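Here come two complexes built around subunit A, the first alongside subunit B, the second alongside subunit C.
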Partner chain A sequence: MKIAICIKHVPTAENVEVNEETHQLIRDTAESDTNPCDLNALEFALQLKNATDGTIDVFSMGPENAMASLKKSLAIGADNAYLLADKRFAGSDTLGTARVLAAGIKTHGPYDVIFTGSESSDGGTGQVGPMIAEIFGMPDVSETVSVTAADGGLDIKKRVEGGNMLLHVATPVVLTVPFGCNEPTLPTLRSQRQANKADIPHVDDDALAIDDKTIGMPGALSIVTDVHSASSGRQAEEISGTFGEIAGRIGELIEEGRA
Partner chain B sequence: MAGIGVFAEITANGADEALGSLITAAKTVTDVSGEEITVIAAGPDIEKYKEAFSFQGVSKVVLCDLPGVSFVQTDVIAKDLADVIEKSGFSAVLVPATHTARALFARIAMKLNIGMTADCTSLRTEVVDGKTVIHQIKPSFGAQIMVDCDIIGQPQIITMKTDDYEPAALGGTPSVEVLRPETSGSAITVNGFEEISSANSLHDAKIVVCAGKGAMADDNFQLIQQYAEKIGAAVAGTRPMADNGWIPFSSQVGQSGTVIRPDVCITFGVSGAIQFTEGIKGDPVIIAVNSDPHAAIFGFADYAVVADMHDVLTELLK
Partner chain C sequence: MEKMKICIIGGGIAGAALGYNLSLYEEAEITLFEKDRIGCGTTAKSAGTVCLFDDSLKNRYWDVRLYGFETYMRMEKEKPGSAGFDKTGTLVCATDEKVERTIKTGIALAKAAGYTGEYITDKNRIKEILPMLNTDAILGAGYTQDDGYFDGTMISNTFAEKMEANGATILRGVEVTDIIVENGEAKAVVSSDGETRAFDKIIDCTGPWSRFTGKLVGLDVQIWHTKAEAFFLVPPEKKLDYVFPVLKFPAFYALRAGDNIFICKSHLSMNLDDPMHAGQWDPDKLPQVGGTDDYFIDFLFDQMDENVPGLADSGLASSWLSYRAEPRDFLPLLGDTPVTNYLLCTGFGGNGVIEAPYATRDLAKYIMRGESTPLFEEWSFSRLLK
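Now for the complex of A and B:
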């Protein structure tokens, strides 16, 4: 089974602040890592690879520091990695991002399965996976929490309220995977060291046959006009006093709430 | 049928209860723009929802009857809904920010090449040169940041978290149009449903004690467990707690975990990122213990205890 997976290198959320004057995000670029649920998606890709004697190709659109996530993926068990990097990609909304990733995937495809995480921890739209499916005319299953090869296709569990839908889907298909549905394999020191030596190709806009008007800033239809610190305007009532008094008040509140 | 479209999601459990709130959000737009509200839905036996969709303020209900099509077959439904939206002349379509609805409309956005925002919590509408302009406000990067978004072109697709809106009242008299498009086969087959009961015990708990990253230090988590036992509460936690193996993933509360609806929720060492607070529904009394007076959780909780959790827990266990 030929498997593709899209991963995103994201800033770790807690380190993001807003410059009040410029409304720009202050990102500590040193503090970034692979989007958490992408590792859950990679875990399913590994399971399918092992069960079907398959291969995994990893694609990431982003700046140079995304190399860290690609190398991590290789260390975990992916076979090939590609960094889709070009200043013309910058400013893409979800439509543009999906087009760039799909173009990269198309160059090395066709694939039987394309994985993405459910959503990124920074933008959190959850749109890119299904958009890629639409570009390829493939079905998509969101909230995939289990996947096994069966009867020429895939048996899938899709998480919904109260349980899992049991589905069978013909390939090719796009699957999006939520955080926490499996335990991701981690790189070993040795595999990471090996992966760090890998020569990961850069793929730029010229290598992909995309209409430049549909990606980057020119293609973006969703525009951020302002960014500001959130203040809910709401503030909790403080419980103060000695620890004994605090504990007493908490006890009262629980009894009131329980009643 | 120009105006504002509102998508009524139908899942295995029937019509999504967020529809009423979504209509209230739509009214904030139409109050300014003077447009009409149309509810759109697609699925099998769709006509039975006619009355469930008749909210006050809704002018029209458009039902796409798709016999035998499951809500998970987004490859089929996207095509039919895209046709409806393309012909509608809507200036915007409001969509509940659920996993399946957002996947469905992401496909539609790509199919029609129209802009889409995600997880908006409020809208600000103005009319500029006779055109409805909807500014969309959404949280991003955890709890701390709000982003204002505009979409270029129309129709725009806006997925919304509607917790802040009161549901609209039923009892309107909209006109109803039933469409019966030809459907192609889906690549997805539904074979059954597997109920998960383990998640439900936390889901149904009346009192929940939530542990955050701060609970990883010393014997804090042990104290939290003892305290939960003392007061008969369920123990839950944030994603870092699950990530690091302190709690099972089924006990992780938040956007990517379980949703809880307790009467009382006490958090220890929880910073209050929106990915976590999204998992608490139903307006419980929330008591937050955190040593950081600036923790975002204090903007979400009802009661704040600014103190070291170890001291507080020790006292609570006496």
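Now for the complex of A and C:
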């Protein structure tokens, strides 16, 4: 089975900076790591690879520091990795991102299964996976929490409100995977060291031959116009001081019904 | 009674231990400035391996090591958990005859102080203590079951609690932004709360920040930063059915961290002339997690694969980077500087948790009573000027 997976390198720090003009996250200098649910998707890809003697190709659109996530994917068990990097990709909205990823996947395809995480921990739109399916004209199953190869297709458990839905789907198919539905395999020092030496190709816009007007800022149909901190009505309080003071404050909060 | 006004800059293990030791003197009026939280900087990233014998500190400084160990054991006895002690024992592997001699001397010192310790050459016995060890590559190993590792942050907070109980002041979240020097004498500090406070003595306990803090008084504090890159590993069997001891090799060490295993390079294996190992960096830019270089997996891997192959095939759960502060001779900086009333208590280079109790006890006595010890010559700032 030939498997593709899209992963995103996302900021992990709480103090992520936002470009004041474009309202976009400043990604290239932020503390960052692989988007958590992408690792859950990679775990399912690994299970299918092992069950079907398959291969996994990983695609990521992002700046140079996304190499870290691609190397991590190789260390976990992916076979090939591609960094889709070009200044013309910058500023892409979800549709532009889906177009770039789909073009990368098309270059090395066709694939039987394309995995993505359900959503990224930074943007959180959950749109890119289904958009890739739309571009390829494939069915997609969102909220995939279990997948096994069976009868020439896939048996899938899809999370729905109040339970799970069992499906048997034909391939090719796009599957999006939510966070926490499995326990991702960890890289080892041995595999990470090997992956660190991998020569991961950069793929630019020219190689993908995408119409520049459909990606990046020029192709963006949705633009972030402002960013605000979320206010949930609840307030976090940092408690500091001596052990006694901290214990005392926690006691007060419990009495006030705030903890 | 006129009190001596003392400023401590930095609330890591050195600053907190010094604050506590000074607070035992009635005539000391102490103010400690910590720009963040107590024990949250380099101290929080210390492994806390205050072992009875290993190669992190020369046997010449055995009394420093023993005093640190017993200080923390007393702390634990007084209030269980206050030093974060995990009694795992320590296994120190002899990779050559020189290391073997150091281990044997350390064992003799530990036994003389009343602790257990033995040098084991029976490879089967060594594997009983640590099954994942490849004993083919070592001559033998020193073992004691009496020690383990401590938690530097918990110790710092316990010292902080004690010094406050003794009347000292800790200004948490307040950063020293300038130091006023008049006629070669440090007089006062300016801090981020907008205050200027006069002091009789100012002691820099800022560890990796000391090069920057020293500049506030025009002092070139000759420390290098070496990278302490730590990796948290999940063993293949997920849960070990034995107690993983503190494991020491000349180039790296390991200890258990819950069900995981923590590994890190030893600081003495660092080459201060290798820009990958050492430099002068900004500790404020260190991320909380990650930040390690691929280079250091290469640095550790072959030795780990040869000696503890189970670690090389353990899952890499997370990693972090810290900076140790190292003078060229890997010894701390303690005592006077060319700036009158500006003292150093820094540069412990990864040994702060071991050395702080002894060093700060003597420094407190020096500040309050003027009593010097040989340590102040060997660890003096002036040695770096020669």
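Of note:
FYI, the second predicted complex is superposed on the first by the 213 of 259 C-alpha atoms of A that agree within 3 Å, B and C clash if a C-alpha of one lies under 4 Å from a C-alpha of the other, contacts with A are read in each partner's own complex, and residues count from 1 in each chain.
As a convention for this text, a contact is a pair of C-beta atoms (placed from the backbone, for glycine too) under 8 Å apart; a residue touches a chain by one contact, two chains touch by 3 or more.
The model shown is predicted, which means the values in this text are computed figures rather than measured ones.
Legend: residue contacts after superposition of the two complexes on their common chain; A:157 is shown touching subunit B, with no touch to subunit C. Once the two complexes are overlaid on the shared chain, A:31 sits against subunit C while remaining clear of subunit B. More subunit A residues lie in contact with B than with the other chain of the pair subunit B and subunit C.
In the superposition on chain A, contact is made by A:243 with both subunit B and subunit C.
In the superposition on chain A, no contact is made by A:47 with either subunit B or subunit C. When both complexes are aligned on chain A by C-alpha atoms, subunit A residues 13, 240, 243-244 touch subunit B in the first and subunit C in the second. Listed in rising order, the residues of subunit A touching subunit B in the complex are 11, 13-14, 16-18, 25, 36-37, 93-95, 98, 118, 121-131, 133-135, 138-143, 155, 157-158, 160-170, 173, 176, 178-181, 214, 220-232, 234-240, 243-244, 246-247, 249-251, 253-254, 256-258. The touching residues of subunit B, counted against subunit A in their complex, run 11-13, 70, 72-75, 78, 99-100, 102-104, 106-107, 109-111, 113-119, 135, 139-153, 186-196, 200, 206-207, 231, 239, 242-243, 249, 252, 255-257, 263-264, 266, 271, 273, 275, 284-288, 298-307, 311-312, 314-316, 318. The residues of subunit A lying in touch with subunit C in their complex are 12-13, 31, 33, 75, 185-190, 192-193, 196, 240-244. On subunit C, the positions that touch subunit A within their shared complex are 37, 157, 160-161, 164, 172-173, 231, 233-234, 287-291, 294, 297-298, 300-301, 304-305, 311-317.
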